[in-house]
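Chain naming follows the written order as A, B, C and D, and within any one chain the residues start at number 1.
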Amino acid sequence: MAKMSYIEAIKETQRAEMQRDPNVFIAGEDVGVMGSAFGQTAGLLKEFGPQRVVDTPISESAIIGLGVGAAAMGLRPILVIDFIDFMAVCMDEVLNQASKLRYMLGGQVKIPLVIRTQIGAGIGAAAQHSQSLEAFFTHMPGMKTVAAATPADIKGLLTAAIRDDNPVMFIEHKTLARLEGDVPEGDYVIPIGKADIKRKGSDVTILSWSAMVHKCLAAAESLAQEGINAEVIDIRSLVPLDKECILNSLGKTGRLVIVHEAVETSGYGAEIAAMVADQGFDLLDAPIKRVAAPFTPVPFSPVLEKEWVVSEEKIIDAVKSLF
Amino acid sequence: MAKMSYIEAIKETQRAEMQRDPNVFIAGEDVGVMGSAFGQTAGLLKEFGPQRVVDTPISESAIIGLGVGAAAMGLRPILVIDFIDFMAVCMDEVLNQASKLRYMLGGQVKIPLVIRTQIGAGIGAAAQHSQSLEAFFTHMPGMKTVAAATPADIKGLLTAAIRDDNPVMFIEHKTLARLEGDVPEGDYVIPIGKADIKRKGSDVTILSWSAMVHKCLAAAESLAQEGINAEVIDIRSLVPLDKECILNSLGKTGRLVIVHEAVETSGYGAEIAAMVADQGFDLLDAPIKRVAAPFTPVPFSPVLEKEWVVSEEKIIDAVKSLF
Amino acid sequence: MNLDREKMLNLYENMVKIREFEEKARELMLGGKLAGFLHLYCGEEAIAVGVCANLNDKDCITSTHRGHGHIIAKGGNIDKMMAELHGKATGYCKGKSGSMHIADLNIGIVGANGIVGAGLPIAVGVAFAMRYKKMDNVVVAFFGDGASNRGTFHEALNMASVLNLPVVFVCENNHFGMSTPQSVHQKIKDISVRGTAYDIPGKTVDGNDVLAVYEAAAQAVSRAKNGQGPSLIECKTWRHYGHFIGDPEPYKDPEEQKKWLARDPIPRFAKQLIELNYATQAELDAIKDSVKEKIEAAVKYAQSSPDPLPEDVFSDVYAE
Amino acid sequence: MNLDREKMLNLYENMVKIREFEEKARELMLGGKLAGFLHLYCGEEAIAVGVCANLNDKDCITSTHRGHGHIIAKGGNIDKMMAELHGKATGYCKGKSGSMHIADLNIGIVGANGIVGAGLPIAVGVAFAMRYKKMDNVVVAFFGDGASNRGTFHEALNMASVLNLPVVFVCENNHFGMSTPQSVHQKIKDISVRGTAYDIPGKTVDGNDVLAVYEAAAQAVSRAKNGQGPSLIECKTWRHYGHFIGDPEPYKDPEEQKKWLARDPIPRFAKQLIELNYATQAELDAIKDSVKEKIEAAVKYAQSSPDPLPEDVFSDVYAE
């Protein structure tokens, strides 16, 4: 085990995969000389050269398009779009090209590309730089979507994403940048599609992903002091979803609280709740609660942003409402 | 009441609103001389001139951007994007501009624009011209989303959308083009946010929107012959959602089947199911079923497309599974 | 023009093959045998054929919604194409694509595309991979005058320019984006001037003259293969039919239509071939007859092929 | 240059106001008083000021992530701006916007924008509305060299061209998109050549010379107001600081930086004003002092203003 930060894990995992496989390359804005705004690619240009670490113009459609074409030819692009908000300017390349090409072509191609991007509020970046839009990508057949909450999960999931033969949205969270954690050494792959029970419990299942997992864990500790023993599941992979893990937990607890940072309406929590309301209906002892952001854009003011982002208290209240 | 087709209702409603309000104009590809691919704007160029019926280049970002700027200045644009699949090329203008501007600017502007677009499979148009992507727009605070299943609803909802002071996604369905129906004469507005019970029933609630409503009605007739009396709700407005109507119906029936054409995963059915699994949990006598497309792109071959699109039989089977 | 007889007749045969394929597709569509949208290439054959005659099997193309011509010119199999139009299991894409997404990765056809302008950035990516793998190849991105107004045109040309990639951007200016005349969708006359914005050489040629197209493409391809980067070629042409089958074409000036029909690239090239003694009328007729037979065979192949199985809907979404 | 003394000193005052505002914002940010991203306009003041001096209150602008300069030059209220940067209820957008989305619809500031290149199509829409309403006005869209590679640049310029709308596209070429030098993100040197692609006149000026900018903008504005359509002006400039506060600028050549600092538009204009007898050094110093006072007052206003109420999160999403 090595101790490293979330950002270091991103950087080191890319480095390791680029060393392992000459077909892996990185393209995006400011990934080279600058090493990305938060250092996620620092040093890679020097190590791998401008052919494999490509500083691009501000042309997101061309960046993803470049990835699609290169992937169709057998390369394994890592495409960097700094904030998930910007994915809106290259949605066609993701929705109608990367995700569909294999199917439309009757299986003739593989499109093994990774799009690395960040979600999340919390730093005063306001409405166009703070969204959590991961749900969009879960409505795109052909695409996989994963989110990492810890440095170890970064390593395991990013390695899996790069080695996957399909397009993968790799969702990072901007407030976790400096989070430190133990990271397994050597080859470490977390299979895409496996949830992680980050805290065992028996009274209620709290389910989340990305930065919110940490708030759920903190809430679970508080709840434990009040005698409620919560199980906290980090789904990690949104598509494909580890239904078995969720339903198993529910078999024990009978109660489900889903927590995410995105606005509630049509967030990915809706899909999970809907799946459970069908396949896990008989396991439920109480309504399914979602704790998520209100249906508004992300406001700038720290006072407003704090109100907007899901808090530990809101998670605790939702859990208690089930007892 | 006048009898007219779905397409005629679209055309006539636009005409009436343009006559009523000189600030209403239409912009999009081939809306002028051609009157749109299926005649949705036929004759309007002649009546209102090129200033108000604007044939644009194939530049969807600029089309929606034009609408946003014009709306901020007090005009009321109707922007035509032929198929919802193409919305992917102008998503930023919808997600980050049109929907957020009012909020980001602290309420300084209204953005009263309508985007008219079509969803749906059924004509062999394949993966990039057949999607039902309405769910995306329901995850965008600031945006309203409505879908019309009949010529009368076209008139009532499109009139409301044009008069609304907010951006509205107006969802048409390509297979309904020639559907005939009675349309109220004179001023006819359906308030956005009101569902419509298209068939009264007491045993199960079948909930849908757009073209699928007709399949649900047909399924309900078949079910009636087997002694199951289904209530069919056309939600019509996805955001805002008429929760009251849904929960009231469920209070009678205790059973819910949600039907939509989009792929099931993260379709808007998920949001409705999640809402009910929370707020209507105590009303439920059975699991919530979703009947929707499999998690694949839309295939071309008529044989495959038929398999892909939700059928009456699948709706019937889902309903029966609850008894 | 230093083309030998075989090559010249090959150009002719390919043009005729496209024409006959399209006429047959039209007939089938009007007869209710085909589903979906069908955008015919009739009138524009000289472009696909003139360009692709410069390419080998490892060179690639990206195509458009009006893609049949490109695919045939690049060596696509018409049996598989026709089967695909019929949605059959034996089609290029097992019936999943239909007309608008046909591809054959084995011979460098990266795919038609139903989203206008979407092929250009993908072509840049293919070229990037060629350079990455030190391949001595080139990619051609076909697109229309209408597509030249999409943001992707701009981003792709700029990206190809700064990365100095082997791409030839071929604009098929048939003077309309669907119903919208070029004069309404852009103020420039020659789309080739847009190369200026990226320091890419731009050239306008008569797109109904297969040899002129061939020449221009030859230069651009050799430029690309010599590491000199991308080029933009605009080919002026005309589509003989509507945008898609069913388009009543209220926007077309009959005089213009007549003028352009008189410049039909196929009889025009036939005349040249005969005048320059490459072939006799009888020889050309024989080519046409043999092409027609192949098309009939393709139709027979398609129509006697099995439909996909309903459960095939679920395959090919993800690679394992 | 037929500008009277008052106008000349006004240009100077506005440039100084921007500079002092930005320096103060920087200080506040480094002192931990401000949240979010802050992109400073220092070094580029001559552009916003030279351009906006041609505009009246009904003329409009769209701005960028680096927007403070545009807003001040267009007459924006610095108290409300400073309050907005502090996220206060008295800010331009009630604290909802922060630095990147400031707007003042009453004086034609349609808004800064956090999405690079997003302002251009919106500007086209504003111009469309002006023409629609028969207003005799113009819109200026500011954007960067980096933004000139986004698809929206292309679509917006083409749209403005075919609709012949009163838009002036002003490219602030500070030679970097974030860390990426112009030579890496495009092969052309003068972005103004991109006008060619739309039949729009393009002009490159020294963006650190406020009078040169003023002149070029005056021509473009009168062109637009005369119904002659859009123009593209490229202003070459340099940002004195990093892309945002916190950027270590590993990519900047210290020699280049030195060269450009020597061309700082403010002392340069001061020298001109003195040489041409528009003002004495003392008068210019007085202007600066009074500006500094206003900035201090703005900070005081901001810091003594109330925060929004938590429940304000829910308002302003939809208009009733």
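Everything that follows uses one rule, which is that a residue touches a chain if its C-beta (ideal position, glycine included) is under 8 Å from a C-beta of that chain, and two chains touch if they have at least 3 such contacts.
A quick note: this is a predicted structure, and the numbers were derived from the prediction, not measured.
Participant: Find the chain most remote from chain A, comparing centres computed as mean CA coordinates.
Facilitator: Result for the farthest chain: C.
Participant: With chain centres defined as C-alpha means, what is the inter-centre distance between chain B and chain C in Å?
Facilitator: Whole-Å distance between the two chain centres: 36.
Participant: Could you state the distance in Å from the CA-based centre of chain C to that of chain D?
Facilitator: Centres of chain C and chain D (C-alpha means) sit 45 Å apart.
Participant: Averaging over Cα atoms per chain, report the distance between chain A and chain C in Å.
Facilitator: About 40 Å, centre to centre.
Participant: If a residue has to touch 2 or more other chains to count, which residues of chain D qualify?
Facilitator: 93, 95-97, 101, 113-115, 149-152, 154-155, 158, 162, 184-186, 317
Participant: Give me the residue numbers in chain B that touch at least two other chains, ranges are fine.
Facilitator: In chain B, the residues touching two or more other chains are 56-57, 59-61, 85-86, 88-89, 92, 96, 103-104, 126-128, 141-142, 295-297, 299.
Participant: Connecting every touching chain pair, does the picture come out as line, ring, star, complete or other?
Facilitator: complete
Participant: Would you tell me which residues of chain D are touching chain B in their complex?
Facilitator: By the definition above, chain D touches chain B via 62, 91-97, 101, 103-105, 110-111, 113-115, 118, 120-130, 132-133, 139, 151-152, 154-156, 158-159, 162-163, 315-320.
Participant: Once bound in the complex, which stretches of chain A touch chain D?
Facilitator: 29-30, 32-35, 37, 55-61, 85-86, 88-89, 123-129, 294-297, 299-308
Participant: For the complex, give me every residue of chain C touching chain B.
Facilitator: Those residues of chain C that touch chain B are 34-37, 84, 87-88, 93, 95-98, 100-101, 113-117, 146-147, 149-152, 177-180, 184-186, 250-251, 307-314, 317.
Participant: Chain D touches which residues of chain B in the complex?
Facilitator: Per the stated touch rule, the residues are 25, 51, 54, 56-57, 59-75, 77, 92-93, 96-97, 101-110, 112, 141-142, 144, 165-166.
Participant: Could you list, by residue number, the parts of chain D that touch chain C in their complex?
Facilitator: 149-155, 158, 161-162, 184-188, 193-194, 196-199
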